[in-house]
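Taking it in order: structure first as structure tokens, then the write-up.
Just so it is clear, A, B, C, D and E label the chains in written order, and each chain counts residues from 1 on its own.
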Amino acid sequence: MNLLALIFVAILANNIVLSQFLGICPYLGLSRKLETSVGMGLAVVFVMTMSAIVTWIIDLFLLQPFSLEYLRTIAFILIIAGLVQFVEMVLKKTNPALFRALGIYLPLITTNCTILGVAILNVQSQHNIVETIVYSIATGVGFTLAMVLMAGIRERLELATMSSYLKGAAVTLVSAGILSLAFMGFKGMVAL
Amino acid sequence: MELVMSMAIIGGLGLFFAIVLAYAAQRFAVEEDPRVEMVIDLLPGANCGACGFSGCAAAAEKICCGEVPVDSCIPGGKAVCDSICEVLGVAAVASEGRKVAEIHCLGSRDVAPDKFEYQGVHDCKAAMMYSGGFKACSYGCLGLGTCVEVCPFDALSMGANGLPQVDTEKCTGCGVCAKACPRGVIHIVSADRKAKYVPCNSHDRGKTVRQVCEVGCIACRACVRACPNEAITMEDNLAVINRDKCDDCGKCVEVCKRGIIKDVGKVLVVA
Amino acid sequence: MSTLAQEFSKGIFKENPTFRLLLGMCPTLAITTTAFFGFGMGVSVLAVLLCSNIVISAVRNLIPDKVRMPAYILIIAAFVSATDMLLNAYVPDLHKALGIFIPLIVVNCIIMGRAEAFARKNNVVRSILDALGMGVGVTISLTLVGIIRELFGAGSIFGFNIMGSAYEPMMLLASPPGAFITLGILLGLCNFAFKRLGIE
Amino acid sequence: MERKLVVSSSPHIKSPETIQSIMVDVLVALFPVALMAVFLFGFRALATMVIAVIVAMATEAIILRNGSFFGDGSAAVTGLLLAMTLPPSPPWWVVAIGSIVAIGIGKHIYGGLGNNIFNPALVGRAVLFVSWGTHVAGSVWTRPVPFGFTADAITQASPLVTYNASLGDLFMGTVSGALGETSALALIIGAIWLFYRGHIDWRIPGGFIGIVFILGLFDGGFSMGLYHVLAGGVLLGAFFMATDMVTSPVTPAGKLIFGLGCGIVTMAIRLFGGMPEGVTFGILLMNGLTPLIDNMTLPKKFGEVKKSA
Amino acid sequence: MSERTFVGGIHPGYAKENTAGMPIVPAEAPSQVIIPLHQNIGAPCEAVVEVGDEVKMGQKIGEPLGFVSAPIFASVSGKVSKIEPFNHALGTPVPAVFIENDGQDTPFEGIKPNKSLEELTPEEIIAISKEAGLVGLGGATFPTHVKLSPPPDIQIDTVIINGAECEPFLTADHRLMLERADDVVLGLKAFMKALGATRGIIGVEDNKPDAISSMNKAVAENSGDYNIEVHTLHTKYPQGAEKMLIKATTGREVPPGALPMAVNVVNQNTGTAIALAEAIKLGKPLYERVVTVTGPGINKPGNFLVRNGTLIRDIIEQCGGLTPDARKLILGGPMMGVAQPTDEIPAIKGTSGVLILTEEFVRDQPIAACIKCGKCVEVCPMNLLPSFIGSAAEKKEYVLAEKYGAMDCFECGCCTYTCPAKRPLVQWIRIAKGAIAASRKK
């Protein structure tokens, strides 16, 4: 039950984008088309889970024993950077279509704060390895959900006639704000 | 001890990933042409489609693998062509000069009336679907501004007289407007052309033209006879000035009964 | 010399990271509940940006192209860790408020972006000016968002009560949805203002 | 024939219905609800409604600058609907800001009527709820006093907090609550008018109310199912908010899914959430999902055979 | 019999009462007829007469230039004065034969009665329909003999006579069913024999009870050993559209992009059936047809037997001219008819009605944004999403327009009729269809 609550909170009540403000850059940049948003979402789920596991292990077996917690930021980002570059190479070879769709954002997944953020949150909240995996996947799914919702909205807005000043990031942010309002309904639904 | 450990851990991690990535870089190497990126940067990025591809990136790819000539980018003109040649390391080709769009109709609503009242989508192509367009002259500009809408360079605007005008500074001669115009009123011409031209598109016989427009060419041939350089010919009831032969002497302007041989600059300025 | 001045000023207006380049949006939304937090975050970013730009531009010719990204990240991460500790030591309140967003400065696109786009191609002097300009741009933007949200969301600016005691704060602006909506509207206003001022 | 003939695309006849006529119909449908609100809560309710409507229309007129105050009537509908979700007498400036937010942020940021993604009235209501919860939710519900135009306001907890109102009271509306949500009778009369005029489809309110009823059964049997339908904003939401044309799906299957979704989220918030009521959030959430729902429920074309596996 | 129908559709004001009670009267033959040489879907015709030739009524003047085409006949006797392009109902001028009427109406000597239906073979029936220049008279003008020649692997089992006449204002088919019911049955029998069909259906909307009883009577008297039923259809537009009519009468759905023969059905118009009956009984080719002249803009509406090539202006004059506020001239019905820029247009085989609308019908209403009310989705008989197609086409997003079903639209106009935002959906869809077709060709 506790794990279910963790999933629920990570996806809905404490959505990584809509209430924790992580991963806003790809959220604004890649939510223009449904296809890319799904692709990016899945890439994030994948990278996030992998990096969370690796960083959790490193933290437990390398940093904590030597009480080097202050090295977390630097060690984690190193791991994530390496991991992402690895994934990038594999993806480029095995799925060029997806690679092209994600474009410059795949290298920027390194600088996607959700990945580092979730890695740090995991060790900060002292999740065990199961919780870490569940939380990472759920957070990634929450990110995907927010992306897909926004992609749907933006695809529809493509056909709308609106002020050129507001088109793009501005109206996306406002929509995210209202979505975030709607997600507030889930607040307090599950006590962790 | 702590210092040593931190250095060891960070160093160790760095080393580990360096090795893994070095291996992966070889294992998953993907061949790609670095020149494509460079060519994309050189292209104007308007994605106007004048080259025949869906966008600048697609065109860059084709240019790099030599499938299309280096001067395929019409809006970029000579400057872009030269820099692409530089990137690709090929000899610069003699590209044609800069081109611009020219509007070949003077038939604003007051001089060229409509034959019926059109209601519906405000778009020239859409209007053409109903009885061939509402303007009595079947060759003249409908004036619904489809060309203005499609111009990727913001170079066309609708004049107060209901006819489009070209901002020759912004116009790149990409030809998107000419393709969009269902009546073929817009011609793409060399930017350093001679000034004189016949801003009419009508191939109707003189009698018909008189009925539908006050400023259309009636094919009276006066200009053809007057031209000392034999630069003017009558092509399908429309006077056409060959600008290679024209020397802007202005004799045709004097004899034209309809007063419709104009200097390019002069008709453009319509308040 | 005017180009040097431009290197500085472009970060404030023409290429303002927040309002023009849309970089580093996460902290812009998350920690701007008060003007002070926004200012603190801006200064932190400025410091990291300045240091990393200096180092990267200084060693730019030493780093092989293939591994430059990991190298940059390491450099940036080191300065972020240092900033983290400094904040914790001297302004613990701010440190607590900014929370996870301090380590996340590492992945702030502004810093990486400047390293990749500017510091690796330019000398130290230009890189310093660039970093200062961008950093000041970020600080101004974050503080501005913070001021607006604090003023309407709490009735004060930098903790000083402005609106009087009768004012009932609009809690929306202190909440996550308010952050999105405020920034969205500000962005629209900026686009409008920049267009009017002729800055594309 | 002195004037030229007109040529246009077929068809050459059009139904007399316009956006304005639809909006007027919605206003007419809201009339019994508004009347009931005044009857139950007195002139304060009337003042709230008038402020909301006037400010909404003024905001729209200023933004559009087309010289028409009433315009297509959608601003009046938005303003009135917003007022319906408010308690009888919030401070006037709360109502005004709600209307401004509803029209400005809810509608015109997206380019005006037809383009907005979220129900403007609910955007206004949600913003007010988050900003000044003490004025629009919590313990501000007034006990209704029929004909009690001069009586002092006595606050009373919402039936969704107490769970002890009688079904009869809930049906007539003699319970505390927002202006437009207490009287099921008035709402049903309004809804019948909308059905009669063909402006709402049964699927959205049907799905919404149906699922609320079914889920309510699990909360305590038949009477609890009815209680959940009649109490709070379910009927107002189902008949007037969720059916907002612009922000709900256009496909038949999508409408049903939309209604069900609204009901499920509403009940989830009611039963498990931190707030007594969840209609606003449920509908806003489903508004956000509407484009996706539309895309996933494209109707089967005439004559199209589903490919058998 | 229970009412039959389809899903979707609209109930516009039918406005048929002005002409429904008016018997068909022959229109005066004009002093000159102008007969366009392209009067059907498919290939045009080539003139087989020359300027100066004397022609007789019913003489062939245009020979088809392809299989999907039908010959064209002189509708008066007289002298060919010129052959040159002239205005055409489709918008662009096409070559036309001008005949000066000598007023004699001398019949062409080649016109002879054929054998009785019992003696004719299916091939002979098809040949007769081809030689008589029959085309679908509902407005689509698809050559009849092509419809009667399905590919050998398709066995048509049902022939449906379209007596729905769902277009508002028009009453030509209604009158024909009242006045010529026996010929309708004879024509249907001929169609069935030609196709080897075992079932004949006459579908009539229930707003024409007199036509239904008239048809029932004629079927009872004349059907013989043919299995013919009269179906009462729910009155709803577009009940008479091919696919909707088949759905309503047989329950079969024609797949998108396919022809009725895909579900073993052939549709024919009431007028076509009568024309075939006349061609068999009298040998008379198709040179005149019944046209409803109606609308609020005409002084004396009515149903007229109009000769091919009569100018609409001449017909209008016979009907007492136009009212002062007449502003729109439509050939066909108000839902799918084509507005004309001038009254100098000759009536042709496909001219089922002349509709004159007045000022109040042409008020140019501003196009508002789509409010996604979904009313167009409700009424679309093809189950498409007209509002989305329209919005996509407005923004020139034709790929999206195709996804929402632009290519399956047959332009019945229900969506535009019903749209409260007054969006020109059909026009946008038409533009999208053109753009999609063009991109497919590439």
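Simple rule for what comes next: contacts are C-beta pairs under 8 Å (C-beta built on N, C-alpha and C of every residue); 3 or more make two chains touch, one makes a residue touch a chain.
Note that the coordinates shown come from a computational prediction; the quantities given were computed from them, not determined experimentally.
The set of chains touching subunit B and also touching subunit C is given as A, D. Among the other chains, the CA centroid farthest from that of subunit B is the one of D.
Put simply, the chain farthest from subunit E by mean CA position is C. Chain pair with the highest count of contacting C-beta pairs: D-E.
With each centre defined as the average position of its C-alpha atoms, the distance from subunit C to subunit E rounds to 70 Å. Rounded to a whole number, the gap between the C-alpha centres of subunit A and subunit D is 34 angstrom.
Chain centres here are Cα means. That of subunit C falls 41 Å from that of subunit D. As a whole-number value, the distance joining the C-alpha centres of subunit D and subunit E reads 47 Å.
Of all residues in subunit A, those touching 2 or more other chains are 71, 74, 78, 81-82, 85, 160-161, 163, 166, 170-171, 174-175, 178, 181, 184, listed in ascending order. Counting only residues that touch two or more partner chains, subunit E has 339-342, 362, 369, 388, 394, 424, 427, 430. Annotation for subunit C: residues touching 2 or more other chains are 70, 74, 175, 177-178, 181, 184-185, 188.
By the contact rule set out at the top, the touching chain pairs are A-B, A-C, A-D, A-E, B-C, B-D, B-E, C-D, D-E.
In the complex of the two chains, the subunit C residues touching subunit A come out as 22-30, 69-70, 73-74, 77-78, 80-81, 84-85, 100, 103-104, 106-109, 112, 175-181, 183-185, 187-189, 191-192, 195.
Contacts from subunit B toward subunit A in the complex involve residues 2, 5-6, 9-10, 13-14, 16-17, 20-21, 24-25, 27-30.
Touching subunit A in their complex are the following residues of subunit E: 369, 388, 391-392, 394-395, 397, 400. Against subunit D, the residues of subunit E that register as touching in their complex are 6, 10, 12-13, 168, 243, 247, 253-256, 258, 322, 326-330, 334-343, 355, 357, 361-362, 365, 368-375, 377-378, 381-385, 387-388, 403-405, 408, 411, 413-414, 416-422, 424, 426-427, 430. Remark: subunit B residues 10, 14, 17-18, 25 touch subunit C in the complex.
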